[in-house]
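Below is a structure I'd like to ask you about.
Going by the order they are written in, the chains are A, B, C and D; count residues from 1 in each one.
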Amino acid sequence: MILLANDYSEGACEAVLRHLVETNAETLPGYGEDLYCDRARDKIRWACQTPEAEVFFISGGTQVNAIVLKALLGPCEGVIAPDTGHISVHEAGTVEAGGHKVLTLPNCEGKISAADVKRYVEDFYEDRNHSQMVYPAAVYISYPTEYGTLYSLKELEALSDVCREKGLFLYLDGARLGYGLAAKQADVTLSDIARFCDVFYIGGTKTGALCGEAVVFSKGNAPKHFTTFIRQQGGLLAKGRLLGVQFDALFTGDTYVAVCRQAIETADALKRAFTEKGYALLIDSPTNQIFVILDNDKYERLKKDVVCRYWRKLDENRTVVRFVTSWATSMESIDRIRALL
Amino acid sequence: MILLANDYSEGACEAVLRHLVETNAETLPGYGEDLYCDRARDKIRWACQTPEAEVFFISGGTQVNAIVLKALLGPCEGVIAPDTGHISVHEAGTVEAGGHKVLTLPNCEGKISAADVKRYVEDFYEDRNHSQMVYPAAVYISYPTEYGTLYSLKELEALSDVCREKGLFLYLDGARLGYGLAAKQADVTLSDIARFCDVFYIGGTKTGALCGEAVVFSKGNAPKHFTTFIRQQGGLLAKGRLLGVQFDALFTGDTYVAVCRQAIETADALKRAFTEKGYALLIDSPTNQIFVILDNDKYERLKKDVVCRYWRKLDENRTVVRFVTSWATSMESIDRIRALL
Amino acid sequence: MILLANDYSEGACEAVLRHLVETNAETLPGYGEDLYCDRARDKIRWACQTPEAEVFFISGGTQVNAIVLKALLGPCEGVIAPDTGHISVHEAGTVEAGGHKVLTLPNCEGKISAADVKRYVEDFYEDRNHSQMVYPAAVYISYPTEYGTLYSLKELEALSDVCREKGLFLYLDGARLGYGLAAKQADVTLSDIARFCDVFYIGGTKTGALCGEAVVFSKGNAPKHFTTFIRQQGGLLAKGRLLGVQFDALFTGDTYVAVCRQAIETADALKRAFTEKGYALLIDSPTNQIFVILDNDKYERLKKDVVCRYWRKLDENRTVVRFVTSWATSMESIDRIRALL
Amino acid sequence: MILLANDYSEGACEAVLRHLVETNAETLPGYGEDLYCDRARDKIRWACQTPEAEVFFISGGTQVNAIVLKALLGPCEGVIAPDTGHISVHEAGTVEAGGHKVLTLPNCEGKISAADVKRYVEDFYEDRNHSQMVYPAAVYISYPTEYGTLYSLKELEALSDVCREKGLFLYLDGARLGYGLAAKQADVTLSDIARFCDVFYIGGTKTGALCGEAVVFSKGNAPKHFTTFIRQQGGLLAKGRLLGVQFDALFTGDTYVAVCRQAIETADALKRAFTEKGYALLIDSPTNQIFVILDNDKYERLKKDVVCRYWRKLDENRTVVRFVTSWATSMESIDRIRALL
């Protein structure tokens, strides 16, 4: 079988695993106060070009979203998000469990625009009953989005501008950030993200680590007692080194992006394979998620050899199927799929 | 320096690390649905002699406490715990953040008794204002306790009996369970714990793993949608394999207890070293935490060579100091300390 | 000025006020344990024809929604509601503050249908990712709706059937229930509501009382410790008599419906006044809320004499305006408006 | 029967009831935006001598405690309170339900001292593990306390000083504030309370109103969106006038204190009756709660004619019994009790 169902099917990339093994016997302080966490924080600050940033390590993405949004939002405040956003649909109501409403906007290929946000906020304040409603206080976007698409630098800047104008936090979910940074069409750098967002996270789990995400408060604007809050919310590992060591490896040189480049190259090859054979793509995604329109019987045949993911029915005869590459996908797998088309 | 400050200072024990490395390249399903998670669950059920048990893997202990207690307690219900319990003091209010009160009872060397619990519950229902108060609905104990002490089989059975009589859940925090099982004086087995408790967790982080705890609902009594709840609360790792592989290694043969035995043997040697030199112990703990009474100047001198933990002032001249051994502590370290006494 | 902006602009109706004054000096137990609360509960059970019902008094509607839904919904469970539902929009996120998601369905004149609910639930369970999503566990409807419309007996029965089939609670918000019961087109009785819903509330605040709503668990199915939960959530008045006395008055004879009939008659007269003069109604609501389409300049002129509520812009030249009558609206006010049209 | 069980057994005092009746027919805006709310706010500001204060009306005391503390406390923050405090025991865990821990200090006749608070906070920050614990961020006291005792001006000032020094909010629960202000031994005025506390509430329910408490943020320091938060938490009455009219009546002239004086005079007479007959008081409370030590058989005989409240057993033969007077207690009732002693 060729596995292209998701990007969290293998363990750690080589650099990460090696560093874990090498440092395993060292005796280190707990709870993120070890030297590898410190080094990783420094390297991330450097990569973001934000010496004043505060960096925290948390095991998984849903946990980051839960903790960051609960910490940032005040009573009666909610977060604007695309209706396809991970927090809107696939986190089992984690934001609501934290006491806050997700205020959804219709997405366009997974994205929302500065104009949409602006209109929402202005309509809200013009509504004479708005004091009976949930105040928009933050904007959640993901980069890449759930559809593998990317905000352009101009789009990101516009979102940032409208957030500042309206007094909202801009929060970017970077579960797959590395694939965005490695994409050929991307015109956004890590430093741009740090500059335009109030807080964001650099995904590890899906981009070469065993687990772990790095939360970055770009402007040194972490909430009061934030480490204690992470602990209270169950997000602080006793062996914080597990996350520090991994991010130390990923942010040594350009490992983080280099690791992800493999996914982009295999995804590009896969897209070419499909389009050359006459298949249509639902969306022309520049990252590691590909949405292909398949005839139902082709899909059934392909499923015998490839693990991919049913996305949705397009019509009676056609199905949208998602293929995901990762840092662990080999070009050979792509060649084997091409042979099956 | 000799490090005896805690039992989470090193990475993984050899068996765990090797298994992680060996399985690293395998392509596996996410979210705990891989074969290593399944194997580990089976082995844990077998070790507990509870074929009907439901087992879940969660990254850390505070997270387990938060999730289990939030899932078990209804509105207006609280959990009885010793005043020294981890949830009572050192989890930054995680139970309260989940909406529930911790109802503390005075501890005796870290433990509470069945009689104490019985009296509390009976007094509660006799109070004519009890409908204005928080209903006791669960009992939290830890094994070993925060003082390294152990409940005897008889004590545990009595607690279990009173919980059943009064309709309370009995929940056991086993962050250091392996050290309890490996202790020479222990007369409680894993199967006893599974039989007497409604839910408990088997610690991994402090007993040989990099991270991870195994939550066991002994009687197949996990709450509805519990995996979804773990996800919502941020406790479900995408690469669930990270936990499954580790527990698979720990529960192969008697690895779990064997790994912990090293801590018990070094702790026993350390106790002997202290007592032979005339030092008094605050508590005669049978596990890997030792509480020694030191003259202040002795403590100051010792601190130059040993990383241990200030516990509290006993009087003007004497200090209680905690020493913790782990699976990674060598007998050679103990010899070096003996030489310093 | 003629005031038709809402139905909570006056104090109490005569029967309620008189009863409050008459009983004011009596010395009674607190917290809802007085004889007037008991009498009111008995009268409500009788009116609902549900001797087994449990009845609780709570000061306001948002509070009832918050308390009932928080008590009924388990972790990871949400409530289906029309997108125009009061809990969906105008309660400042009270359901989310209680930890749960409102799962909105598109409304049709304020209502949702059994078929919509059925499809939503079936689609949910067919979604292979549903364990990552919020489980639908209850349905919220209001009677009358935010648009003054009413479910027919057949519609209500169908909703009830689908809820039982799918294992959802059916919860009816009856903030304006009296106006629904008094409406000429209504074919639903209080007893039907009690029969078809698991829990509902009988509004007092908007239908003749100073404050207070009566929550009815029709089948004796109130959650455990519910009175304690009301207290914990801040909804239990020390002088519970304030609510008991008022509902005792409202449910003496047919006071409750009789009081509301005045609103229906004045609303009907107002509708005739508008339609006879050639104005169009947005919705032909059978209760005390009327949605009229006015030319913008007509609206501007009318505002000088009538306090009504801007609803929304229909197009460049026309505005939808809401007029609300109440038990306190006089037919004379309607005559005065007619003269202005 | 003579009823001295509590101070919320009757309806409203005459001035309040009359004002409710007189204003009943007036058509007024909802949600606390009516002129009576405005007037009451102005009168309260004047009485407190704090023109900048923000005043909000909420129906009951537990609700005020829940809302104010949830609004003031950040994540990981708790409130220091006496172990006998209403929030510590008799509100069914309302503070914990809001996500925060009550940090109890041992009481002395219902009070805590500035020195106790200072020591607690200093010990907290000296504890090297304090980042794993709940941060003290507010102090809760009640005036009068649960034992009817009063803080002196000096004690209140000292508490205020230590709170400012340590960065804590000082919050005063004034459920029975009127009885404190009317007490002969009191040297604290409403203006002192406003000056020394960051936020407090003026009780209505137990001091002459049917329901309602006035929350005062003395320094114009109400949290953002506070009215919306009250709504979300279910505390905003549609007919806000119900509270405004009552406080308007209570704060016209010296009605509030005058109404409460009757309770003080009858309580004083009752104390004299007991002490003259040789009975001992547990505490010499200066307000409307009296704690008398009775022989068991005397208590049994007295219960036939007087409704009072069992407080606790003093020893085998003696019981502590609480008698509470109110604005509605007549001197004749006291005479009748005296005849029974």
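A few remarks follow.
Methods note: a contact is a pair of C-beta atoms (placed from the backbone, for glycine too) under 8 Å apart; a residue touches a chain by one contact, two chains touch by 3 or more.
All values derive from a computational prediction rather than experimental measurement.
When the partners of chain A are compared with those of chain B, the chains appearing in both lists are C, D.
Of the two chain pairs considered here, A-C and C-D, the higher C-beta contact count falls to C-D. Listed options B-C, A-B or B-D contain a single repeat of the A-D interface, assigned here to B-C, on the basis that more than half of the contact pairs agree by residue number.
Note: centroid distance chain A to chain C, computed from Cα atoms, is 42 Å.
Chain centres here are Cα means. That of chain B falls 50 Å from that of chain C.
Centre-to-centre separation between chain C and chain D, using Cα means, comes to 34 Å. With touch defined as above, residues shared between interfaces to two or more other chains in chain D number as follows: 75-76, 91-93, 97, 131-132, 228-229, 231-232.
Of all the residues in chain D, the ones that touch chain A in their complex are 70-71, 74-77, 131-132, 135, 223-225, 227-229, 231-232.
Of all residues in chain A, only 3, 6, 8-12, 17, 20-21, 23-30, 59-64, 66-67, 91-94, 97, 205-206, 210-211, 228-229, 231-239, 241-242, 328 touch chain B in the complex they form. Interface of chain C with chain A (complex): residues 75-76, 78, 89-93, 95-102, 128-129, 131-134, 310.
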